[in-house]
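Multiple structures follow.
In what comes next, chain A is part of two complexes: it sits with chain B in the first one and with chain C in the second one.
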Partner chain A sequence: MNDKLNSKTPRKLLFLFEILSLSLIFLYSWEGIQMETYTIAIGLVVLIYFSNFILSKISSGDNYIFLIVSMLISIGIIMIYRISPELGLKQLMWLTVGITMFFAAYFAIKYIGFWEQLAPLYLAACYILFAVTFVMGTRTNGAINWISIAGISIQPAEITKIIVVFLLASFYGGIDKYRKIKNAELFLMGIMYSFVALLFLQRDLGAAVIFFGIFTGLQYIYSEERRLIWANIGLSIMGAAAGYLLFDHVKVRVVTWLDPWPHINDKGYQITQSLFAIAEGGFFGTGLGRGNPSFIPLSYNDFIFSAISEEMGIFTGIGIIMLFMLLVYRGFKIALRQESQFYRIIALGISLLFGIQSFVIIGGVLKVIPLTGLTLPFVSYGGTSVVTSFIALGILQGASEKRGKAGKANE
Partner chain B sequence: MNNERKRIITLLAAICLGFVLLIGYLSYFQMFEAQAVRDNSYNKRLWINEDNILRGSITDRNGEILVYSESHEGDVQRIYKYDNLYSHVIGYSLRDYGKSGLERKYNSYLVNANENTAINELINLINPTGIGNNLNLSIHHGLQKKTRELIGDKKGSVITMNPKTGEILSMVSTPDFGINSLSENWTSISENSESPMINRGTQGLYTPGSIFKIVTATGVIQNGVPEAVYQCTGSTVIDGYTIRDFDESGHGSLNLEQAFSVSCNAYFADQAVALGHDKLKNISEKFFINQSIEFDLETNKSIFPAESIGLTDLGASGIGQGRVLVTPLNMLMITAAVANDGYMPMPYIVESVRSPQGQTIKSHVSESKKVLQIGEAQALQRMMREVVRVGTGTNAAISGVEVAGKTGTAENSSGMNHAWFVGFAPLENPEIAVVVLLEEEGSSGGRAAAPIARELMDFALKNISN
Partner chain C sequence: MFDLMSIGFKYVFVFIIYLFIFTIIRMIYLDIRNVDYGNLDSGSYLKLLNRIDTLPYNLSDSYPVETELTLGRQKDNTIQIKDPYISKHHFRIIKDEEEFFLEDLGSSNGTYLNGEKVLDVTRIRKGDMLKVGELEFIFIDRE
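Moving on to the complex of A and B:
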């Protein structure tokens, strides 16, 4: 009874939030309200409200993560719609697909019980996805990370991220089994390093950082050979230094991070445009439609945080950061409550994924750390990004329900 | 299990710390760095803003318009009425090449982008104004024209100032450049080996020569015996190296005042060695050498060698040779400090910023720093008067007015001497201070620079009333 009350109040607040943000859209396109404007407005509210409603009826798990994500994606869609109505509508479509996949993933986790026994399959799938990327990949913005299937472009690394979480969870979750194998942990580290190296070759530095981050985080919690953690940190420093010396594309990132201003017309263009936008926005922003986010390259994608900061101000920017912080916090809380080791690690891995990815891209566009090309989960435009992020969220939702030690769902 | 929980919580804390740092940095950036980033001339938004805003005009101290903007059917044009006359002061604002001078430094006022505070932002959102603010300068347009006319086609810089307040009355640096045709001639001007785009008055670093003896003389007054009589033989040998006088026949016996008046190199080189590096450096730094000068235009720091230097170099520094380098603006400030009984005025050009409706948004408050005791300043005043009365600076004398000054003829690597003159008038109640630098003029300060200073002081005393 108490639970019901708790879950209703935030949902009403969310509804208010949606109405307020939609009034922004209407004010923005006041002079030319079109069919699209209504589609976006009604579509967004209905979709968000009903999926939250349905979820609260069917899931006994966490009530908050989907609410947090609802806010993130609403801010994202409004911004994308403002930059390009066409992309905004497409993003709404991706959101529909994403929410469908969220429920699919949730049910798959809830009703299928053998996820932790598939380690070899996960490993094979990762390598196959890498191979596919190298064979069929096309180069955009310097990185080979897109493949095109039946006219739809997807980024295999986005899918691999989730599979890697499963791979790590089934390894550390079933560590008793692997203890018999000599140097099993060292072997795992080798596999993870091979992933990172492949991503370096694809020039997908952002994904490399995420893979490495998730692995290091889980290794820190679960590794039984503590010396390996130090070895991992040492090797990563050496690897980063080697990457800097060997690859020009890494060097460029570091140089433009330290001081982009002398390179304002070429390699420092993106980051300086991002800083201009954030500086222009101030605390409250210029107002939706009154700034110039189109000056930022990829403003609807990697740099959406800068575009939002320009028009909605850094108060909204800080709000987004806090939403991600809450999401990670809920994710960790789910892990702490979960009795099944496998699902605990899944919850940690997914939370790390969201946390690290949002930190790396926001830190990058702010010039706190070197810029690596990544989407801001749930906020940036992009089919693969939205759909895979929702799949990950569905898995986290599934992992938030009580399970016995064996991992079977018990309600 | 316990270990696991602990580690999970540690990791969560680390991630949250990361996010908190991001929030902290974002707030810091917005409060302290955003303004400078926004004003970067590569920020295309500045130009967008300007299409909607009529940039404010700039006037001299009497309200004479120097630069203004005009709108012809939505097409905004910036009109520089005096083309090259203010090329280093007001500078330019060009879509393709950015901004310089006051156009750059005061851009946010000229386009009426208010201070970046939350409240102002809200006010601006509700009530945006389409006209920028106006700048009112301390420059006297007549004196500025006179200054430019007097320097003619020579290379160098001339600056005049009210020594009591720090108001810059005129400032010229040559070669200069025409702003109205700058876009067409950009490459030839910006790549010219004579560097016409540099403001020599505030950024040029030059060997000061004998005008630096004002600093050395301060040292003698503070630490030595100004009355002691010195025998000048026309040269002095320091550490095996001979420092010669201009006139090698020797000045005979003289004290500080006499040595200053005839600009005796041997005397001041020996006095510098007697003072020692640390004392001379400390006095220099009190006079803002090695210090950055806050000003409405970009400035460079004058240099006195920071490390301990050899005795020969030290002796050379005492007469403004060796490794000492100064900006004309800094020397003018030192001169003004002497004129102003020891209080060095901080220079400024922008008197006030006014809204299009005439309200004062920002007005300058004069500031000064005490760098000399009154007795020391008055001793220097007398010595500088003697220079103009009977010494090397007689060309700066004006009949009926007591003028004080110091000449300098600085040897440098080009082989052609820089001609310097610094001075002020009238002695008792100074109204104008002036610095004249003629770069690689090949003539002495007394012959080439002093007459320009005289004309300017004469003009200012007759035409400027406070």
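Moving on to the complex of A and C:
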């Protein structure tokens, strides 16, 4: 019964999915078919198939996470191409950069051994990135979270997320060293709160939620001072309440979450369009190219989940959620297997990052929790998002086979 | 034409995505079931060197060798492998006065110890490599 089941089966399914969806894309743009349509088709298949093939040859670690992510990016790029061929082509370019960075991060983790000693550097890097955002940042959709260097716009908070995971890992991984300093954990908590406060000032609520989520998760697992966890939960509730009362942009999110219908023409437009789209799709969707995802603002980015649910059905939407669950589960599995405390926390932190980010944005577009602007990792369009998600994945892949100090001692 | 295809394909897409998820879950399930949490820090065992998820059959990471261990295609073996290249009773390892011996049970494709075909009963020591078909084991003795 298992005879046919081996590691090649999912790769073949992935291949089949791509061929079918691309043939549909060809038919969809039959009249205006151009060179770029061919580029995207060949580029996508070659990119995904070969990166999976290469990885299975060079990596002895986990071989599921990249497969799961390949499926996510395939669904994502086809939807983006259908919404806007131009963005689809750009996304393909970002995916190529992202996968290159994935391999770079994987090798960096595998062959470089001093990551756990760089805590002060991580801390400095976080503050520098925040400072740069404030000085050079431009305001889009109400948030200052973009900077522009040499014509390329990047979102520093996306990079900071990964550095924060490293910072927390080097702290909790080397906690014996820090325990000598009085109130070291309290100090760390102060630093994390300063990050969240800075993100609040930039109006980047989504990133603030992620930073807080990762910190709370890791603190809950590793902190020995239970009082601090309670203090953290108490402070966060007070902070959320204060944010709601003090800042208008927080209030808008909560109001449109509780009842968007009176504000359908302005504040609640996005969320109501998203709900209409999901309802329109039903179980199996309207079919690719037959819906109207362009009615949803930012349908290729934050709201890509609604656009996919409209055209490919809520079953595909549930599939995406399941893929994320599997990805996070694999991340936890990697953490459990890892013997070095530092890499274990890295693996946990990155799994938490993917889990929280996908939960916050999918929950947001479904109106389950207040909407905060975030990208759906690997699926949404966005250069920084794709590249940093791939870097995080590369780190996870590296952590899945890294033998830390504890591991060596056992041999 | 396009509309018709699009409507047809949406079911196919959902089917493929779920089949994909299903195969991954199944691979993970096999992976978890085969993890042996027993105490392997002491005693002797055979450790599989192939990656379990690249093989088309159920195998564990490692098998303890107590007094006797047999490998073959038939059910009464300690390690049963349903592979046409492996004979019904392929080889066995027996323990005799704290020493371990490997014996080929007349298999058609042979058993290889450190790259050499096993003809007689041969003593094995820790770190020895056993090869049967495409499977490779390392013998580990902690005593």
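Brief remarks on what is shown
What we mean here is this: the second predicted complex is superposed on the first by the 392 of 411 C-alpha atoms of A that agree within 3 Å, B and C clash if a C-alpha of one lies under 4 Å from a C-alpha of the other, contacts with A are read in each partner's own complex, and residues count from 1 in each chain.
The rule is simple: a contact is a pair of C-beta atoms (placed from the backbone, for glycine too) under 8 Å apart; a residue touches a chain by one contact, two chains touch by 3 or more.
Small disclaimer: the values here were computed from a predicted structure and weren't measured.
Applying the stated contact rule after C-alpha superposition, one finds that A:197 touches neither chain B nor chain C.
Touch criterion met: A:322 reaches chain B and chain C at once. With both structures placed on the common chain, the touch criterion links A:28 to chain C but leaves chain B unconnected.
Residue contacts after overlaying the shared chain place A:60 against chain C, while chain B stays out of touching range.
Of the two partner chains, chain C is the only one touched by A:288; chain B is not. Contacts of A:16 after superposition on the shared chain: chain C is touched, whereas chain B is not. Shared-chain residue A:254: touches no atom of chain B or chain C.
Residues 284, 287, 322, 329 of chain A contact both chain B in one complex and chain C in the other.
By the touch criterion stated above, chain A contacts chain B in their complex at residues 217, 220-222, 261, 264-265, 272, 275-276, 278-280, 282-284, 287, 291-292, 295, 309, 314, 317-318, 321-322, 324-325, 328-329, 332, 335-336, 348, 352, 355-356, 359, 362-363, 366, 368.
Note for the complex: chain C touches chain A at residues 1-3, 5-7, 9-14, 16-21, 23-28, 30, 51, 53-58, 82. Within the complex, the chain A residues that touch chain C are 2-7, 9-10, 13-14, 16-17, 20-21, 24, 27-28, 30, 60, 63-64, 67-68, 71, 75, 284-290, 311-313, 315-316, 319, 322-323, 326, 329-330.
Interface of chain B with chain A (complex): residues 4-5, 7-9, 11-12, 15-16, 18-23, 25-27, 29-30, 33-35, 37-38, 40, 42-45, 48, 116, 118, 121-122, 125.
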